[in-house]
Every structure is written in structure tokens, then in C-alpha cells.
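In what comes next, subunit A is part of two complexes: it sits with subunit B in the first one and with subunit C in the second one.
Coming up: the complex of A and B.
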């Protein structure tokens, strides 16, 4: 079996990286922090012109018609750029949810997602707050065992504080009605379950990118900063910190990519693979934040140093779409269940 | 209208460059490549002409398999088809060998306009565009910073030394070598990249173009003798003290050297 990404997937990654490197600088992110919403409609529109929000939107609705394996490299790039626009909620979660619901709702909203004319926020029943509710046009929200699609005008939003100016979360309340219900019972449960996996997978991929970027920043800094006549990165006490981050990152990447394949193929082990991916990717990113900050010394604590842009993203992603205990519980349950199939011969099995 | 855009794939601007074993070029293994930045402005200019009306944009490049990615990117940005001269015999060509190859493509395509970057980010010679123009018998203008098309003519502004600008009328068909900053280069879209898979990409050899004798190290009149990192100079002295002391010390040294 060939696990490598093909030329098309790598070219799409290069294309997105070139775009993000050109357009999403640390200055741009900081500039967005100063705005009321921390989001830019113009940027969202440009992202749509590139094709990012419509990656998982079917071609008949104007999207790219791709799957999670195609998307995972691009999500990593958005993490590397520190991009906080609602790619995870709208592109990675809401688009496939609406595709799954189908009907007029899909016909109405999927083309708008692809063209950048709509942002859709998702309030998962297991999560206390809704990310990007403040800029959403449509919200997919739980009420009991039901799933509702509610227009922004029909919800009440209470914004909540965060330690990442890029991350905007809110508690959302609404009046569930017959007209807003789009699924219930087992159908809704199934949609919410896959939504959780897609959200966690997207966060994991972004965490890889954020970790890689922090490592890059630290390598550049420790190559330039000299002490005792040598770059500080040449000293073992410094470079071993960064090597440890690199090891964690490289071990996490294939786990995330395997999870993407599991989601795309509808594997029965999808939840296990996604939780493992979320755990190792966010562990790498949070560890990367700590170690790269250590390698910067005092300058790393300053507002002017860009490192904290990605450190905050790492912490935010760790908290988004399930914190570590929730994902650990899923992995623990899979391992400890009486008929768990573990060990050699089961690694690549979907059963 | 047919526009031929000649692209070169060069090492990525952020790539770490190391000299190869025999000291005649860089190690190309493991580094990223991208479209030469000057050529991206040429491509954007062609695509703007296409967007404004009827035009076919053909992109051409010379190099190994990796060049396919540059051509696919150009197709993804909106070019209609591509010509890739993928021939190991072209390895080591000098500017004239490259120019003869591109001129052979131009003679096959008979474009109304050839657009190229003023120079390449790696070679920096600015030699190929005028050579191609001469070989295909077209008038040309270099260092183009603005264009204005009219029937049978393109009025261009050329950047001269000291910030001066020269305005030249160039009759078509012609070749323009564009300066960076001519326009705002668009990004390829993901949809464009996927659509590019269905666009024609012709692969040719030097023999197909009738230039086998002109390319490669055998056909080159100019050879690279040596590539090396600039040597670190000795004898730099950092003056210290108050500003007045530094100025005084500097003046004395200038006088000692007889420069004042």
C-alpha cells in the first residue's frame, strides 16, 4: 500500500502555502486582533476564491468535492499560518454535515459556503461554547436529541473571554422550533458523532501546522542569537529542546493523516483514530509552545515577539473540539473494551 | 491573439543553497522550487490580457520532471496550455542555448506577443529575452513596468537608471521582458489546479525542436567555472567611544588612507 500523498495533493498544499505565506502574516493576524470581530469578510472571500471553504462541498454545489485526505494537508497549512477564520467549523464540519442532511438546506447553504457568502458555526452538544457564532450566518445547534439549523438573527449570543485574541467563543441560546429542526434521534446522533470527529481532526491538523511554525521561528531565532560567540542553537541545552519538538511533531503527523483517511473512508475505528490524532497533535503543539518559548528566553514573553501568536493558537486548538480528557476517554474505552483487538495484525485493520 | 509566456523554475527564495561537489552549481536535491518571480509578473500580464478579451495563453519552460509543477501552477492560474522541454540533453545549457530552445518554441507557436521576466532569480543574467527576440526577429523591450495596448502596437514604459522612465512604442508581434512589480500577481486557485490536469501539456525534446546541437554543455559557449559563497573579509575594525570620538577616529583613518 502506498501511503504517500499524490502530486495533486502536494500541489494543492503548495498552492495554499504560497497563498497563506503571502497574505497571512503575523502582522495581518495582529491587525485582526484589533478589530471588533477578529475576522475579515474580505479575507474569507479571498479564501473562498482560492477554494478552501468549499473543499468538502460537492461539485454540484460549486465546491471542490474533495475528501478529508485531500483536506488534511491544507488544514495543516492554515495552522502554520495562524489562520483563525472559521475554516474548521464551516469548511471541515458544517459543509459535510449539511451534505449529510441534504435537501433544500444543502442546496441553499452549500453553494454559499463554497463562494464565501456564508459562515456556518456549529455548537456541538458535548462542547460548552460555540466558536465563531458572532460572525455566523447560520448555526447548527443541538436541542435535546435534535439538530437544528438556526439563522443568526434567531439566536442570542453571549461572548466569552479567551486567552487567544484569535479565538472567539460564545454561549448561544435559541428557541427550538419545528421549522428549525433538521434531524432528530439516531439521525441527529450520527451527524453529531461525525461532526465531532471532523472538528477534532481539523484541529489536530491545524495543531501540526502551528507546531511546525513555532519550531521554525525558534530555529531561526536560535540560529541568529549568539552567546559566547556562537549561535545559541549550537548548544545542546537548546537544540535538544527543539529536536524533542521535532520528534513529537513527526510522530504526530502520520497519526493525523491516518485519522483523515479513517474519516474519509468511514472507518469503524474513525473515532479512535481521530482522538489519537487530536491527542498527539495537540500534545506536540502545546509541548512545542513550551519548548520554543524556553529557547527564546525572556524575549519570548514580549508582546512584540511573534511566537505567542502561534502559542495561543496551540492552546486554543488543544481546547477546541474536545479537550484531552475527552479524547483520552475515547482511546481508553477502545483499548479496554473486552473484545478490543490490539497488537500486530490489527493496526491497519478497519474492523 | 496568442501569447507565449516563458517561465523558468528556480530554487525557492527561502531554500537553503549549498554548492555542489564540483563547485559549478548548487545542490538541487531536497530543495523546493518555484516559478521565477519575474516570470510570474509576465504570466499575470498575459492572463490580464486574456481576461480582457480573446487570447490564448501558452506557457513554456525547460527543465527536468519537477518543472511540470511550475507549468501546472501556471495552468492553474489560468494559462490554456503548456509546452515542457524535458530533455537531459538541455542540462548545462547557457543563455544562448536556452534562448534558441525558446525561440524554436516561439517559431512553432507564432505568438502575437511573447512575455518573459526581465531576469531569473538564480542566474540574474537578463540575457535570454533579448536573445529570443533576435532569434525570432521580433522587436523587444526590457525592464517593462507598464503596458498599454492598441491596434498593432504596445506602448510600454521602461525603467531606467535613477528612477527615470522611458516610453517606447513597440509594434506587434513583439517580445516584452517585464520588471517585477508590473502588476499584482494572482494566486492559483485549488479549482484551477484541479482543472489544470485536463489542460494540454506537451512534452518535447531538443531534437523535436531542432536545437539538439545548441543545448547542453556541448553547445554552450559560456560555462560556469565556479560557484562559491562570498569569502569573509579580514581587517574590519569596529570603532568605539563617544560619537565625537568615533567621528574623529574615522576622519583620521580616512586621512591616513589618503582619501581626503
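Coming up: the complex of A and C.
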């Protein structure tokens, strides 16, 4: 039993944090908002140089060959940076899905994911829209109980603008054919199930980072801004708003990290652990958005102030890969099963 | 990251489970805030100590079994799983004990720890004073050096276990010219010294869980000073860290409450609103989160890390969770939630009402949650004072 990350994992986190701090500022994000896709092929290529898209791609396919425990700290950093590129869809969900499918499809696409030459989007059967479909080269899509891999040229995409200019989602339709089907029945169901867990886990990790960033912005602002002759951050009413966020954040983090471990190790409790993680991390982030906005006052309510770049990320992540009620339902179902093992000593048991 | 227990840890768990299974009293004891219950709890502690289980993380020479913090958490899980009695000497074993381990002289360790482990000496908290509650640095009770004694004058209040305890620990102002955090010294005093008057105070449940303690020219030997003279604040912060975090409130307690809450919900599911079901699930998640965070902290401590202001995060989290779980339980019980245990229709209501009254004290003791939020914002977030 050791809940710590190893030195290599922590070093990689620091490296990625420093790198993203240098590459992605609020100005960069705002600049991308003004583009047609809100995505930057150059930025994606740069991310590939440090291995991010191919983190879960096996080494034999040119990736980093890492697992979700290695990845979870880095995903948190992408959330802290406000990164909008399709890390969740392509790196966290599609890559392991393709690895699971195997064969020629994996051989063809995994190396391209690792080098940043392909973006793969995933349309989960339980979700109405497909994230990042507008920039995808390949889409993994459901048709009945089948899983299809469809080239961008063969799908019809209807973009659905959202409240977050960084979040690009679309309705996608395609003609399912023999040639596009890559799995069906139980195999497909298994792939969809793990895809859902991976997507939710990645969003949870990003939500932690977004929450932490909003706290940082609010601490800086309330330390500078003076009213009644003092920094407003010296007033307890303001302090307590942010302390409450810190409590939620620090108690969400180990839940997310444990979920990463459960996904990586294929635990039977994986789905339960991921849903807990998605729920508490997104709650922390959405709560963080509300509290940090309040601490800013009117300036926080402007388009000009950068806080809302992360507020919108928080809301987006809450809406991605299963809304909170769906995740709560999964937890509820698990603990209300008649033979559920609960109570002291059961947290780390896999039964 | 390795989230499995080793074979040794599983073996330790099995040993604790077997011993507790054979020794935990079948009938619940009376509250340790009654004379009869205090006696019962001391007897239980003697049995626990006889088996070597009173304080497993302590060295063998002081009545422990030299276990590490991880094994301590495992023991706690088994202790709650077995439904074993509450710990009457929690102020001693969980708070003062670790502080003596850190600051005590070899003589003090040998003098105090074994009798603490056995609960032959039950410890009383002497933190608050009439004018020093949240503003703890405003302590006014003086302990003036006179040869090899301190002469103590003043008053402590809200002294937990004061009614039936034996020894008191607290901070006293040894430099009468000093102000605030300076000039305070951590001192241990037996309550049977001449000049000490203990006046029990009934708590919200009607029992004397704490007391006022008056000092009138009380002579306390200087060898009962813990840590350096004038360094009382630093010593006390160490004690408070244990109180806010993993020693006094290890996760097993809340995992157990969450389990009982889920079971209560299941037994009454037909009669309660769906919204309550969701809240029950959230509480269960909260207990899991508290457990995970504690294991994460212990992993860090075992690798040589330190715990500081983070214990304020714990304090807020467990106290709010505990209160929420008890509020929900009473909602599930509906009209029966208000029944005292002896009421004719009280079958199946369990101890939730009593637990609720106790849970209400959680956001207050060990430093109010408002004080904890100040600490979090200033020391963890770096906000201005």
C-alpha cells in the first residue's frame, strides 16, 4: 500500500506543467476561440513532441506505453492550462480503444496518434454529441450494438456551438457498412464501457486542474484588489469562500487518482470508482467557478477577465462524458446492491 | 502507486480481527460521560491493553506494538468493524500521547505513556479558557515558576473528560509579561492536586462531557512541563494537528457511519423520498474520499513527509460529513428520529439521535471550522492576513 506517485511520474508532471505554462496562455486560448476550429494543428504537433497524444499508445506503435496512473497527473495539468485540444477524445479514449481493437486498424492509426498526425474522435452510444468531430481524421462511432471506425470524409457533421468556445461538439451521422464495422455484440459493449470510464476519468482529472487554476487566479486577484483600504482577500467572508473550494478540491484529488489506478489495473470496481471521481472532481470545479466568480465581483462577470476561460472549462467538463446525475446513479446502484460490501476495511478490496 | 495490502498487513488485520472478535463486549457500554460508563470503559481499556492493542503505533516499551501508521489505520478499520467501544482516553492516546512522543523527555515518556495506554490515567483537555476560545493565544491562566514548582492560578473551561478524568494537559502563561503566542508553556497536571476544583458541565445530551477547572495557587512540579518553557504554542500546535486529523478521526469511524446509513436507508427505502437516496450515496462517497485522502497522507508521512496546515482540511471535511450523515439518518427515520432510546416505539432507531447531538459539536471542537478556514486560506492558499 503506497498512495504516492513515483519520482518519474512527478517529474513528468512538472515538466508538462512548465511546458504548458509556456505554450498556453489565456491570450492563446482566446486567439483560438477566434479561429474556425478553435484548434491548432501546430500546437497539437508540439504536444506530440512531448508525447502527450501518444501517452497510452504502446511503444511498439511509437507511443509512450504508459498507463492511466502515469497519465492522470498530466491530464490534470492540461486542465490547469485550459488546453482545448482533443487530449481527452484522442489520447485518453480513442488510443486505448484502438489498442483494444488491435489488428490493422491499430497498426494504421496508433502511430499517427503518437506523432500528432491524426486526431480520432469518439461518439459514445450514451452521449448525444461527439467532441472534436470537426477536426477528426477518424471517428469511432456506434450503430446499434456495433462499433464502427469511419473516415472523416464519410461522416456528416453538424456542429453544435456551446457556451464554451473551447468546447466543439457536433451531431454526427454516417452510413454503417460492413467495411466500417470493427466490433459488435459483447466485444463492442466492452469497448464502449471502458471508453466511457476513460473519458470520464480524463474529464475528472482535467476538472481538478481547472479548479486549482481558478483558485490561483482568485487568490492573486483578492490579494491585489483593495477595498476599505485593505486587500479584499484579508476579509474572512472572501477567505472562507476560497477555503471551501480548497477543501472540495483536495478531497476530490485522491478519488480521481484512485480511479486512475482502478482503470489501469482493470479493477472490477472501475466503473464505480470512475463515477465517484467524475462526480466529486466536477462538483469541485463547478463550485470553484461559482466561488471564484463571487470573489472577483463585477470584474469576474466580464468577458475581458480571464477567469471565465476556466469557468467555462469547468462547466464543459461537467457536461462531458456523463453528467453528474448519471454518475451518481452508477454509484447509488453499486452501493445499494444487496450484497454490496461497505464500511470500514472495504475501500481497497476489489470484491 | 500500489493500492493493495501486503501479506504482512493482511496478517496483521487478521490478527486484530480475531482478537477483537473474541474480546469486544457483546452489549454496548454506557456513555463514558457517566460514572458507571466511565468505569466500564476503563475496564475495557484494561482488557485492550492486556492484549497489547491499546495503542498499536507506539513502541512496545510504552504499551504499543511498534506498528506503523498504515497498520494503525488497519487496526482502526477492524476496531470499528467489530463495533468496539469508544475510547475514553482519546485525549491521551490520540492527542497528548503523540505529542509526548515528539516533545517528551525519556523520563516523561516512561512516566506517562504506559499508564496512558492502559487508561489507568485518563486525560483531560485544558485548552479553552473563558477568554480564550477561538482566540487561543489569549490564554490568561498563569503558571509562575517558584523553585521546582509552577504556581498555577486561573481557569480552564470546556475541558473534555473533566468530570471523570485524572490528569489535565494545556497551555499556561509562564511569563506574565508576555502577550499572545509567546510566554506560554505546555504543562501536565494531576487533577487531585490541592487547589484544583473541577465543576462538570452538562453538554447538549445532558451528560457532563466537559468541565470547568479552577486553579487556586496550585503547585505543579516543573518536571511536568512538556517541551521548552515559552514554547507551549509550538507544542500545542502539534497536538492540535493530531486532533484535527488522522489520529483522533481516522477514516474507519466515518466508513462505519456511512455503512450504517446505507443500511438504514435500505431498511426504510419504501418510506423515504428518492432525493434522500442520492444524498445517502453522496455521504458514502464522502467517507470513501476521506479514507483515500487519509491513506494518501499516511503514505506521504511514512516516506518522511510532514503534516502541517493540511490537517485543517481534514477537520472541516470529516466534521461536515459526520453531521450530514446524522442529519440524513434522522430524516430517514422521520418522526421516530426524535425518539429517545427508551421510548416504546424506538425499536430500530439505533443511536442516531445521540450521534447527531455529538456530530453537532464536530464543527466547533478542535478549533471551529471558521478558524480552520482562516488557516487554510492564509497558510495553504497564501491569502493576506
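The rule we apply is simple: the second predicted complex is superposed on the first by the 351 of 351 C-alpha atoms of A that agree within 3 Å, B and C clash if a C-alpha of one lies under 4 Å from a C-alpha of the other, contacts with A are read in each partner's own complex, and residues count from 1 in each chain.
Quick note on the criterion: a contact is a pair of C-beta atoms (placed from the backbone, for glycine too) under 8 Å apart; a residue touches a chain by one contact, two chains touch by 3 or more.
Quick caveat: nothing in here was measured; it's all calculated off a predicted structure.
Engineer: Could you look at A:342 and tell me whether it touches subunit B, subunit C, both or neither (first, second, both, neither)?
Structural biologist: second
Engineer: Which chain, subunit B or subunit C, ends up touching more residues of subunit A in the combined arrangement?
Structural biologist: Touching more of subunit A: C.
Engineer: Looking at the overlay, what does A:22 touch: subunit B (first), subunit C (second), both, or neither?
Structural biologist: In the superposition, A:22 contacts subunit B only.
Engineer: Let me test your reading of the model: by the given contact rule, A:225 touches which partner, first (subunit B), second (subunit C), both or neither?
Structural biologist: Neither: A:225 stays clear of subunit B and subunit C.
Engineer: Applying the touch criterion given at the start, work out whether A:181 contacts subunit B, subunit C, both or neither, answering first, second, both or neither.
Structural biologist: It touches nothing on subunit B or subunit C.
Engineer: Determine, under the contact definition given at the top, whether A:14 touches first (subunit B), second (subunit C), both, or neither.
Structural biologist: First partner only.
Engineer: Identify the partner contact of A:279: answer first if only subunit B is touched, second if only subunit C is, both if each is, neither if none is.
Structural biologist: second
Engineer: Considering only the touch criterion stated at the top, classify A:244 as touching first (subunit B), second (subunit C), both, or neither.
Structural biologist: In the superposed model, A:244 contacts subunit C only, not subunit B.
Engineer: Where on subunit A do subunit B and subunit C both make contact?
Structural biologist: No residue sits in both footprints.
Engineer: In their shared complex, at which residues does subunit A touch subunit C?
Structural biologist: Residues in contact with subunit C: 1-6, 69, 215, 219, 222-223, 230-231, 233-234, 236, 238-240, 242-244, 246-247, 250-255, 257-258, 261, 276, 279-280, 328, 331-332, 335-336, 340, 342-348.
Engineer: Mind listing the subunit A positions that touch subunit B in their complex?
Structural biologist: 7-8, 11-12, 14-16, 18-19, 22, 49-52, 55, 64, 74
Engineer: Mind pulling up the subunit B residues that touch subunit A in the complex?
Structural biologist: Interface residues on subunit B, with respect to subunit A: 34, 69, 72-73, 76, 187-191, 193-194, 197.
Engineer: Would you mind writing out the residues of subunit C in touch with subunit A in their complex?
Structural biologist: Residues 1-6, 9, 13, 70, 74, 76-78, 80-81, 251-252, 255-256, 258-260, 262-263, 265-266, 277-278, 280-282, 284-286, 288-293, 295-296, 298-300, 302-303, 310, 313, 316-317, 370, 372-374, 376-378, 380-385.
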